[in-house]
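Below you will find the structure I want to go over with you.
Here the chain labels run A, B, C and D in written order, and each chain numbers its own residues starting at 1.
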Amino acid sequence: MQTEDTKAPLLWQKQGVEVDPEIQRFLAGEDVVLDRELLPWDLMASRAHAEGLGRIGLLTEAEVAALCAELDRVAEEVAQGRFVLDARFEDGHSAIEARLIEALGDTGRKIHTGRSRNDQVLVATRLWLRDRLQRLQALCAAIARVALRRAGSEMQLPMPGYTHLQRAMVSSAGMWWAGWAEAFLDDAELARASRAWADANPLGSASGFGVNLPLDRDYTTTALGFSRLQVSATYAQLSRGKFELQALAALAQALLDLRRLAWDLSLFLSAEYGFCRLPARYTTGSSLMPNKRNPDLVELLRASYGVVAGAHSEIEALLALPSGYHRDLQFSKAPLLRAFGHGLAALALVPALLESLEWLPEAMRAAIDPGMYATDRAMELARSGVPFRQAYQLAATPAPGEQRSPEASLADRCSPGAAARPLLDRLEARLDGMEGQGP
Amino acid sequence: MQTEDTKAPLLWQKQGVEVDPEIQRFLAGEDVVLDRELLPWDLMASRAHAEGLGRIGLLTEAEVAALCAELDRVAEEVAQGRFVLDARFEDGHSAIEARLIEALGDTGRKIHTGRSRNDQVLVATRLWLRDRLQRLQALCAAIARVALRRAGSEMQLPMPGYTHLQRAMVSSAGMWWAGWAEAFLDDAELARASRAWADANPLGSASGFGVNLPLDRDYTTTALGFSRLQVSATYAQLSRGKFELQALAALAQALLDLRRLAWDLSLFLSAEYGFCRLPARYTTGSSLMPNKRNPDLVELLRASYGVVAGAHSEIEALLALPSGYHRDLQFSKAPLLRAFGHGLAALALVPALLESLEWLPEAMRAAIDPGMYATDRAMELARSGVPFRQAYQLAATPAPGEQRSPEASLADRCSPGAAARPLLDRLEARLDGMEGQGP
Amino acid sequence: MQTEDTKAPLLWQKQGVEVDPEIQRFLAGEDVVLDRELLPWDLMASRAHAEGLGRIGLLTEAEVAALCAELDRVAEEVAQGRFVLDARFEDGHSAIEARLIEALGDTGRKIHTGRSRNDQVLVATRLWLRDRLQRLQALCAAIARVALRRAGSEMQLPMPGYTHLQRAMVSSAGMWWAGWAEAFLDDAELARASRAWADANPLGSASGFGVNLPLDRDYTTTALGFSRLQVSATYAQLSRGKFELQALAALAQALLDLRRLAWDLSLFLSAEYGFCRLPARYTTGSSLMPNKRNPDLVELLRASYGVVAGAHSEIEALLALPSGYHRDLQFSKAPLLRAFGHGLAALALVPALLESLEWLPEAMRAAIDPGMYATDRAMELARSGVPFRQAYQLAATPAPGEQRSPEASLADRCSPGAAARPLLDRLEARLDGMEGQGP
Amino acid sequence: MQTEDTKAPLLWQKQGVEVDPEIQRFLAGEDVVLDRELLPWDLMASRAHAEGLGRIGLLTEAEVAALCAELDRVAEEVAQGRFVLDARFEDGHSAIEARLIEALGDTGRKIHTGRSRNDQVLVATRLWLRDRLQRLQALCAAIARVALRRAGSEMQLPMPGYTHLQRAMVSSAGMWWAGWAEAFLDDAELARASRAWADANPLGSASGFGVNLPLDRDYTTTALGFSRLQVSATYAQLSRGKFELQALAALAQALLDLRRLAWDLSLFLSAEYGFCRLPARYTTGSSLMPNKRNPDLVELLRASYGVVAGAHSEIEALLALPSGYHRDLQFSKAPLLRAFGHGLAALALVPALLESLEWLPEAMRAAIDPGMYATDRAMELARSGVPFRQAYQLAATPAPGEQRSPEASLADRCSPGAAARPLLDRLEARLDGMEGQGP
């Protein structure tokens, strides 16, 4: 293996062409660091590519075996932190080829037969994306599970319902939870659908025009667990950024819901609302004001959407290009990795946070004022035959001596999806169904 | 019916509360104009709502019949342009109720029993969205069809393949078409998946907390053709903007592909490339320069993505809110309608444009220079046993006296998805399958 | 004048070239409607152009006089609503030329000498932009004035100060107002600086390459009140979208501040805070819930930023182009006009809204709890020599029997910019200075 | 100094409150790494704060001297890479206080008197921003200088002028350069104006409500070289993100121009245009195709705008908040640093790149076809009295035997800002004036 201070040669370098280090630095950017995350997938795809070359006779069985063994060895070293991509290499793709040549000589020099680095980055990113979308689905489902469980047990716990931040109607903690359960259930479903959409094998498209070799692309499709081949060689390049944007769109939905959920918590945790409490580990203090305990985590969860929005804009700005590969597309990597890294870390904290949330029922009950029964009254009048638009006028003022309780209001709320008939079993069935489907 | 100069009363107006016209104008915004597009769906949902009220005994059979007949009448007047929403009404929802009251008196005053305007806007937008996504799917499929047909017949027509806008390898018109075929096929598929994701009935969630009436939401779900109930009453509000954003994400994918396709055409139509011609009806002239015929339509198709990107940003900016309805959400309507209006109009022009594209084969062939065979050569060497990395060095310079033709290069391009083995039948099968699925 | 049903001929139309109405409709888009807003500026610039042609002998004095008189006549008709751009014309530029030819024959046919429609749209947009930025500056200054006046009179009115939506320190209504005063003062200043940046005359650049006529561009610069010539003919085209984006950036700053201000009001108007009241004309009711009065206007003001954000994204998406004019750039017009139309309308409502805001001092005072004096205590300890980090620990708990009032806390708050030393005169001086500078 | 494995205590930590490491990791994020870049400015501001405390008697002269000496020492260690912020510290602010306490005991414990970490991050970011905008201005001016110099020497070098990517009129390399010169001159001017706008001292606003100490804010304003005090304590918080967004808007303008410039180069470097050459150090090869030399640097410069667009979206998404500090705002730091880091690195490569650009005059001349003289002809006819609209029709076809040359066309192009009268001295004077103004 090369020593730290030896720079690996550039794959494409030609005799006598000067290479300016400052320009190379800008060209490489943070590629090597980013490729650390993609490297396991690049190794996995390289293995499938080697096997594929074996199947069409471009490599002998022994060569395939040697390449696969060495690729497995690198994968293990990567997993153990003994192989670290660093600035010696132009990128992860070059590093793999350099390592194989170092270890296997001419056999290593054959690994790139019929493929390009575009092939490598496309397939590694696709495999990575599939994995991250599966993780996104699992996290959203986990959040939905917590919310659903609490919805079930807190359906009759009175809570004011707001529209326009104004007190509107009696609601319940369980109805609040049920909303989030269905929201994150849909987010899980979108993650699943987006993964299915992107689950196509680009390996074997070379530079976007194919090659004069009968590559066994159906084999690599199966070997890598893709559900279909991305057929057209030119489309492989055209799809750079496409699947990334939809993956971000799915991630964004979860983080938009998290933003709104965190907004609720931020209000509920204020002195003015005082509806709930979080364990101290979720709060921090002020460097100046001794009295403060701030719900910083909730605020950073709320702010996390921004990272995804930014990544989306960043990639979107790149795609105003003619067809074919352009180096501009390299810049789609950093925002994608950044957004999923941050977004999934944020979502991973949410189930435990929601589990730990403790309601303060007296405060919630105290915030239910008499005006909030007006709609109940109007419906009762309508039920008794008063045309609704007239009932609406009559219901604005309570009957003298009228007594109503939040509990009674909730017990009467019998429209499907409301407190007296929440239909949580339907949500549970969808959630079970999705998880039953497997990856 | 009210005369032009009578302003319909506000549904919620109370005695003695001053209403400032300038403020009302800002509040109403362009709502009445936007609601023109949603009105047919609002009427359809109102019909289902009336029937649902009948099923739970809130309306008599006669009342249901009267309401449905009048709603049908309005729908017909709308279709014929005889009923036009204008500034007399606060919005389309108020207009429907006002009309029913005008025509049917107390029966009309019952239509709003158990529903809110939030219900109306949610369900009407959802129905509209479902329709537009179906249209998006159909347009993308139509574009894919044209591209697929031309891919089939032009697979051996030589064309230079570019990466970095530099001449890279021999390609073909057919390979270029195949890429677009698969791209728009995927776009059609995403439109379908996004529609399936959003295909849930929000009607019956009232203001987001349900009501104390046993609304028959499963009935309205079936009557309106939704594939499932949006269960939780609070989630109905939380989903405002969510489905809209994903619908825009699907539309954006098609317009991103169109942007790249238009970029190609813009280059190919330049004097420098000169690869193709479009009929004169797709071009315009200059007011100053007598010599110009400009491909303005191609440029506006390319620019159309911006409208969708803008709409996405506009809606995204609204969703930093706690749960529950907020008036901010009203502003999601205009960008959504604008983006689909513009985007679908752009896509609708594409099939005929692509049909009419005429290649200039000599120019395409003339742009294929000898260096573009180097990769072919490198693969041949690799096939003969030279390790690829060495073959890469050797292939840079042609053998003396070597003769190669674009046709031969294409005939040898046998990797799946390349010219000699394009697998167009797989794309065709996916396209057929999607259309076979029905709406 | 042409009758409604006659379509004006296209300026660039050539014999025998078919024009497809559907394509023309897409090409023209809403141009004619948008150009209504730009028309007065286009007429003004056409007048300067005619005079300029007179100064270099391309038009006789009589021709200049005739053209100017007719342009003035059209301007008057436009102002009175008697001349309305409609679908007879391709755009406003064509309409002006058609009208001059209709009225003046060959003299009208000379107006376009040495200019292009690009010239026209560039100069008309620039003049319009200058006007709108001046209006933006004036509105921001008006908001700052109201805030500053109320800051002065309410500096000692206690109000809780929040960070993280948690109660932090005693603050005052006046301090709250002072923050908004300085914010909108800065916004006014940015509007001014952005106008100065864009205040350059593009007229006379023709299609971006100049012409073989000695146009008197310095004359038109002076005649149109520009502060400098936009020198390079090619830069005129390159600047399409540039100045628009900075104008939107300035508008966005004001609407971002408005978003945060509206957020405050939305909270303060909730039952949980209950800090203030707005006149009923700023609120609306619910169609379903009889009890509601919602602060819809405040919410729509908060949401208005989205329109500007969307417009920014929409224009930004267009600018990934090589140099020179491209039809894509036409699509910068609609978002620009939409954003300023909406944004300025929103800002125009703010001064009166702020004037009418009525505090509820008891509620504000009741929300000040004892913990909020801890920082005061810590500073007193620090003043007496206790190292701050130690004082911070000690101050967390009040001394037994300690009595503190919000008023005393405010009276001691003597750091510059705090309640006891607000330095409002400095803000006033900046505001006066800016207004003194004139347009 | 603490050893690597000791974690510094949290400033605000209280006895008995559990701190979860995973949550702390999410809360801290990459703050420590980001603060490395802000640390020198934080140290500078801490020095001014210490001196300010001395001036109002809160610190003795000896204490001020000790603090300043230690802060200088840290600054030196930072400059030499001997003090590195790492995960021992919550953030840079805590690190400075911890170091001062470690070195100076109780004197160190006094540094935070009257300030908050919000003060620190606000003032450090503002100082950093001022510096980066100055660098942005200098880089834009440097690009403008190169373009201006080449404009002067290449004004008569014929080049085709394009609109819609179609050949339009004869232009020149010098006219092309002049456009970029004025574009980057305007960008430099916007950087200057944006810096002036943000050049206000926030230090001394504490947590946004001031303190009960007579801080000498005018002193720190002068000591830190700010041109004015940011007066209102509440506005200091409200401005978080505001100045950042305008700084990004200024940076974006330069990168938008760079995007369009790089687009031109990307086309000119293609085989189809073939107008210019770049030294080999600006290009790279392909791993697969032996024949390729790709203009990767030009493409990455073109793509660099995306980083700024993403950062803008990311910060914008955070600012939907009520007034007062919220932890969400912490997330404005990473995108700001990322965008300026990347953007300035990209711009820094441009002057040398432009210097090294070599035209291929024959190819440029060959791309000028006869139709491109039509506008010249039309103007000549107009000059001779033919009404322009008629001249336009006549000029479409050349007179029989007509001979025209690009050089003659350029020599006649006498409108101000065109080849025969480019007025480059005006651009030079503006550039000199801006640089004469100093920082």
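Criterion: contacts are C-beta pairs under 8 Å (C-beta built on N, C-alpha and C of every residue); 3 or more make two chains touch, one makes a residue touch a chain.
Keep in mind the model is a prediction, meaning the values are calculated, not measured.
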{"item": "Common touching chains of subunit D and subunit B", "value": "A, C"}
{"item": "Chain pair, A-C or A-D, that carries the greater number of C-beta contacts", "value": "A-D"}
{"item": "Computed distance of Cα centres, subunit D from subunit A, in Å", "value": "31"}
{"item": "Distance from subunit D to subunit C - Cα centre to Cα centre, in angstrom", "value": "24"}
{"item": "Centroid distance [mean C-alpha coordinates] between subunit C and subunit A, Å", "value": "37"}
{"item": "Junction residues of subunit D, two or more chains touched", "value": "11, 14, 112, 163-165, 168-169, 206-207, 267, 286, 288-289, 292, 294, 296, 299, 305, 309, 313, 316-317, 320-321, 326-327, 375, 392, 396"}
{"item": "Subunit C-facing residues of subunit A, complex", "value": "163-169, 266-267, 269-273, 286, 288-296, 299, 313, 316-317, 320-321, 367, 369, 371-372, 374-375, 378, 392-393, 395-396"}
{"item": "Residues of subunit C defined as touching subunit D within the complex", "value": "11, 14, 58, 97, 101, 106-107, 109-114, 161-165, 168-171, 175-176, 178-183, 186, 189-190, 193, 196-197, 204-215, 217-218, 229-239, 241-242, 245-246, 249, 252-253, 256-257, 259-261, 263-264, 267, 305, 309, 316, 319-327, 375-376, 379-380, 382-383, 387-390, 392, 396, 409, 412-419, 421-424, 426-427"}
{"item": "Residues of subunit A touching subunit D in the complex", "value": "10-14, 17-20, 22-23, 26-27, 29, 93-94, 112, 115-118, 206-207, 279-282, 284-289, 292, 294, 296-297, 299-300, 302-307, 309-318, 326-331, 335, 345-346, 349"}
